[in-house]
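Each structure below is given as structure tokens.
Two complexes are shown next, each including chain A; its partner changes from chain B in the first to chain C in the second.
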Partner chain A sequence: MTHETPKQGWLARLFNPPRGSAPYLFLMPYIVLFLVFGLFPLLFSIYLSFHIWNPIKGLDSMEYTGFENYVLAWGDPVLWKALYNTVWLAITSGLAQHLVAIPTACVLVALGSRLRHWLTSAYFLPYVTSTVAVSLVFFSMYSPNTGIINKLLIALSESDLFGWAFSWVPDVMPLRWLEDTFLVKPAVAFLVFWKYTGFNIVLYTTGLMTIPRDLYEAARVDGASAFRRFWHISLPLLRPFIFFAVTLTIIGNLQLFEEPFILTRGTGGVGHSAETISMYLFRIGWEYLDMGVASAISWMLFILIGILTAIHFKLFGRQGLGEH
Partner chain B sequence: MRNRIEALSPYVVRAMMIVLMGLLIISALMTVFPFFWSAILSTHSRETIFSTDITLMPGDALAANYAKLLEIMPFWQAMFNSFYVAFLGTTVSLLFCSMGGYAFAVYRFKGKNLLFGVLVGSMMVPPVLSLIPYYLTVKFLGLMDTHVAVWLPFTATPFCIFLVRQYVVASIPRELLESARMDGAGEFTTYWKIALPLMKPVLATVAIVQFVFFWNNFLSPLVVLNSTENYVITLALRSVQNLPNTPWGAVMLGTTISMLPILLFYSVSSKQIISGMTSGAVKG
Partner chain C sequence: MSRVQYKNIRKSFGDTEVVRDFSMTIEDGEFMVLLGESGCGKSTLLRILAGLETQTSGDIYIGERCVNGLDAKDRNLAMVFQSYALYPHMTVYENIAFALKMKKLPRTEIDEKVQWAAKMLKLDTLLDRKPKALSGGQRQRVAMGRAMVRTPEVFLFDEPLSNLDAKLRTEMRHEIKSLHRKLGTTTIYVTHDQVEAMTLADRIVIMNKGVISQVGTPEEVFHHPANLFVAQFIGSPAMNIFDGVLTRQAGNQWVIESGGSTLPLPPRFHAQATETLAVKVGIRPSDIHVLEGASHAEHLHPVDFKVEDQELLGAAINLTLHTGDVTLLAEAPGDMKFAPGTAQRAWLNLDALHVFDARTGETLSGRNTAAAA
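Entry: the complex of A and B
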């Protein structure tokens, strides 16, 4: 059998490449897409962050400004407001997600597999559906006069059973969940919590499944209570999973865009009360058409994510990865 | 205290377990409530939505809402665009990611370590950082307001290539591929006829991850598509949010229908979707 096939056409050669060039051909789509949509643009955005440029006016209008874009963004109080909002939302919704997900996962693994599967499917559902769609549903639920949340609060305050606990409701109605500068952040955080807790529950359930059953049995024989078994066995062995899940939450939450964008109709809320850094970046770039400053902001956000992830790694990395 | 809890009779422990289970079931119901609620609202008229009563029953305004929906946005055009983008994007992703992952798993070649490092490194780049560059590249290439710009750049995702690579390394024996070559099969034939059929499980994962991504994607269409007839469904739904006197029944009907493909798919294979969507997290 010879591999000598004289005079192949280019098509045949493409489909039957010599062994040496085969991997490059297989990787060609990745390499091309990476260079065109990955590396080049990334380098260009560094370049751009040192220039003034309005994309409508074409490439000629680009002007070098040094660090001015960074200085400009740094001096804008809205950036700091957005930074505060982003960190507030990240911490509030992030903490709530993990504090709920871990105990839930612990109870779930104790259940029969059928019930566990049904519950997990329900919890995970928000994660697979479109953020825009579910945010619109929440937008209507938060509506001051017609939303189910306010209607429910009124109904509770009028009910005989719970009326005493909700007697404050008529005084504050209608609650403007998304227009009140005080309420809007919790409202956004709740949507984020609702959407991503299921994902974390699945991570933690998987983690708990990896813990050998006999560890618990041994502890039980030694007379450890359910709480102590959770505290001394589940939690320490879950650490790598907690570490990983929290890393994902930090990176994801700091880039929060769609939820606050839809809930505030793209405005960022009254007085930027729910504007995140990503939304701020979007506004500067696509509404004020200042791509230079927008690029500078995106690099500042990148550095922020880097710093917070590094702090997280520094504080919890060694324990988190089980000191391997 | 601790011993006292332990000393509680098994009945009490059982009762506590039942209470916990009840809590979990209630929270599961609350989690799915918004989906149910958007379906209910889509059958109600403006009058019943605005009344102070809470009704969990379907109303009778479904037809009127549907007519209104078609009036306020090119709904089926947008649904078609989303399907088109998600289908093409997913299909091409399957090809590109399986090729890339296969190359990393099977071959030794110059620059492999560098390329693989770049692959893993680019998984760490937050999407927001690449938003402006992505927009600029699309502009340079003259692809503004085209669907290609919404699917093509995301078809060779590092994450999916990585998944395929891991799967091929772990589950496809090298000897099998070697023997195919011995029998005179070319490189591409070996990949296409021998390896690809064996990759089915990981390809299913790639398909799930990519389809869900393309269907739900909002940010890249938002900056690239600007004419209404090119809108994907997420853009179309958002565009009616600022209408004066928003017709909520119609908007919720559109929202509900837009979620149906994923919901139906999820209801038949939630197990596979859950493990697919968490595969990177759980195995990584």
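Entry: the complex of A and C
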């Protein structure tokens, strides 16, 4: 250095930063937040998954164990039960969501704009309502003795019109929707279906609106019936939207937590019958205070989601991303 | 192939009536062009025939069959859309085969027909491509192929060339014409382009605000426009129109007085001249001659003008001439020279003069009855 730089205090340096650093300084608030609350916990949980740590005993209690946490979790039959529950719920509620949402969206688009706006808003409402609130409402609806669902079944069995179809009802009453190991999963799945179908309807409605009207007219002139127009025009051209929506469903449903947690009052149901992986790792972490195993499980869940999403991309990605 | 009949068709969208009492027969094998400005109801008429819109009242016949209320898919028509409306997720082959597949024809027959159409339209090397990978002209051809393989009773074209550039448009125009010659299918073609209408049509229907202004062969509508609207709509550059008064002079001679000059009334209007009448006089720029050569012919009437402006177009010059309060456009050969502000004598071809009742806009000579100019 030949020329002398004037001496500067830290304050002067702050207001006279080096060339080219301005963009990063402006981004700093985000970068700091991301590092502290995004990147650090992520890396820390990887680190944790190789340690035994009880958070209450402080950082000193951390002890390196290698892959022991993973081995421990892998050997726990409850993990496999939770995995089964999660996949069961994901497939049942997920499939139903899309099978209902696509035809509903078609009907909505055919209804014309005013009615469509009202109905899509109505269908979307469950999605924006607090999960805890709706879960509590469903909890009371599923109640064995006072719940509206059982009351309705009884009323149907007593009605003249439908009695013949519901004659089995008195024999099985009261149905314990959330305690019966057989009924609890469908009960949870129905809530998830109810809550997220509207979101998919909105997505598919938007998708259908992007399909030019003349394609349908051309198909009509070409002799295609309404069903064939749906099958040969709407469905293939919706592919990118179906792909996107299904991706979101896979990722979301595999992390299912609040709905089963509240419906089973945090227990996971009798014999873990509705416990999902997220609930399981929550329990390991905060009830057994074993952060290491909980982190290991969360990374196993992450890998599972990664694998399933990758399979989905592999199978449908090229068409789904619109590469006709 | 079939005859198409519109009988007293009306169509309203809400309070707006776009088609008013339209009746028309399109003969078997005829190439009929519906011509008019946008919003005149021509596309609506096509869509009503296709079954994509429902008429408010009136009947549609295809052949002997009344198709009111029959769904588009059951009408056995083929339509080419302005946007082509190709199915983007299907290959050219699948696009052309779609209608046949809907008919559940055997695979070999479908293949035969697709190959036939592809060959005819020079698409045979493109059958595996998706529409995205085609040029505008090729897409247009696929749309036509899709219509052809159907062997429909009627072809419908809804402004099929308006998305193409000028050169391609000319090319496709020829192809459509030769296709019609080969297939002989009844064709209804909607356009706002008079050149397309003049070159393609057996007969032209000129529409104005939901009603028919004139129906006739291209020659008829060009040489004998039934009213002012048709006179001004057909022809480029547009026909000159100026005000005049039909007056009787001494010796039972009828003349048109306009802007200080007097034009003798051509003989073919004599029968209609019974009273003094405010008229609109029309003459095409090509019927005003500035060359001296033909000046002795009896039907050429000399008028002295002042040259206002000239536009060289290459082969021709568009000359703006002025006299009294009348300004006219004349077509002069491109090799002549004119100086703005100078005097210029020009001869009006009285045989090609059009006289319209100023109040109704209808021609004085009666529809399509005048002697050829």
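FYI, the second predicted complex is superposed on the first by the 301 of 324 C-alpha atoms of A that agree within 3 Å, B and C clash if a C-alpha of one lies under 4 Å from a C-alpha of the other, contacts with A are read in each partner's own complex, and residues count from 1 in each chain.
Note that in this section a residue touches a chain if its C-beta (ideal position, glycine included) is under 8 Å from a C-beta of that chain, and two chains touch if they have at least 3 such contacts.
Keep in mind it's a predicted model, so treat the numbers as computed, not measured.
Q: Using the superposition on chain A, decide if chain B and chain C clash or fit.
A: Superposition result for chain B and chain C: fit.
Q: In the overlay, answer first, second, both or neither for which of chain B and chain C A:52 touches.
A: neither
Q: Contact-wise, after the overlay, does A:173 reach chain B, chain C, both or neither (first, second, both, neither)?
A: Touch partners of A:173: none, neither chain B nor chain C.
Q: According to the stated criteria, A:228 is in contact with first (chain B), second (chain C), both, or neither; which is it?
A: It touches chain B and chain C both.
Q: Could you say whether A:149 touches chain B, chain C, both of them, or neither, answering first, second, both or neither?
A: Neither partner.
Q: Please tell me which partner, chain B or chain C, touches more residues of chain A.
A: It is B that touches the greater number of chain A residues.
Q: After superposing on chain A, what angle in degrees do the C-alpha centres of chain B and chain C form at the C-alpha centre of chain A, to the nearest 10?
A: So the C-alpha centres give an angle of 80 degrees.
Q: Is A:212 contacted by the first partner chain B, the second partner chain C, both or neither?
A: So A:212 only meets chain C here.
Q: Give me, in Å and rounded to a whole number, the least C-alpha distance separating chain B from chain C in the superposition.
A: 6
Q: Residues on chain A in contact with chain B in one complex and with chain C in the other?
A: Shared contact residues on chain A: 223, 225, 228.
Q: Hey, which residues of chain A end up touching chain C in the complex?
A: Checking each residue of chain A against chain C gives 212, 214-215, 217-225, 228, 232-233, 236-237, 239, 324.
Q: Help me check something: in the complex, which residues belonging to chain C touch chain A?
A: 50-52, 71-79, 81, 83, 85-89, 98-99, 102-103, 130, 132, 146, 150, 156
Q: Taking the complex as given, what residues does chain A use to touch chain B?
A: 1, 3, 14-20, 22-24, 26-27, 29-31, 33-34, 36-38, 40-42, 44-45, 48, 55, 104, 107-108, 110-111, 115, 117-134, 136-141, 143, 145-146, 148, 151-152, 154-155, 194, 198-199, 202-203, 206, 223, 225-228, 244-245, 248, 251, 254-255, 257-258, 262, 265-266, 278, 281-282, 285-286, 291, 294-295, 298-299, 301-302, 305
Q: Show which residues of chain B lie in contact with chain A when the two form their complex.
A: Per the touch definition, chain B meets chain A at residues 2-3, 5-6, 17, 20-21, 24-25, 27-29, 31-32, 34-35, 37-38, 41, 49-50, 52-54, 95-96, 99-100, 102-104, 106-107, 109, 112, 115, 118-119, 122, 125-137, 139, 141, 152-153, 155-156, 158, 161, 184, 186-189, 191, 212, 215-216, 218-219, 223, 233-234, 237-238, 241-242, 248, 251-252, 255, 258-259, 262-263, 266, 270-271, 273-274, 277-278, 281-282, 284.
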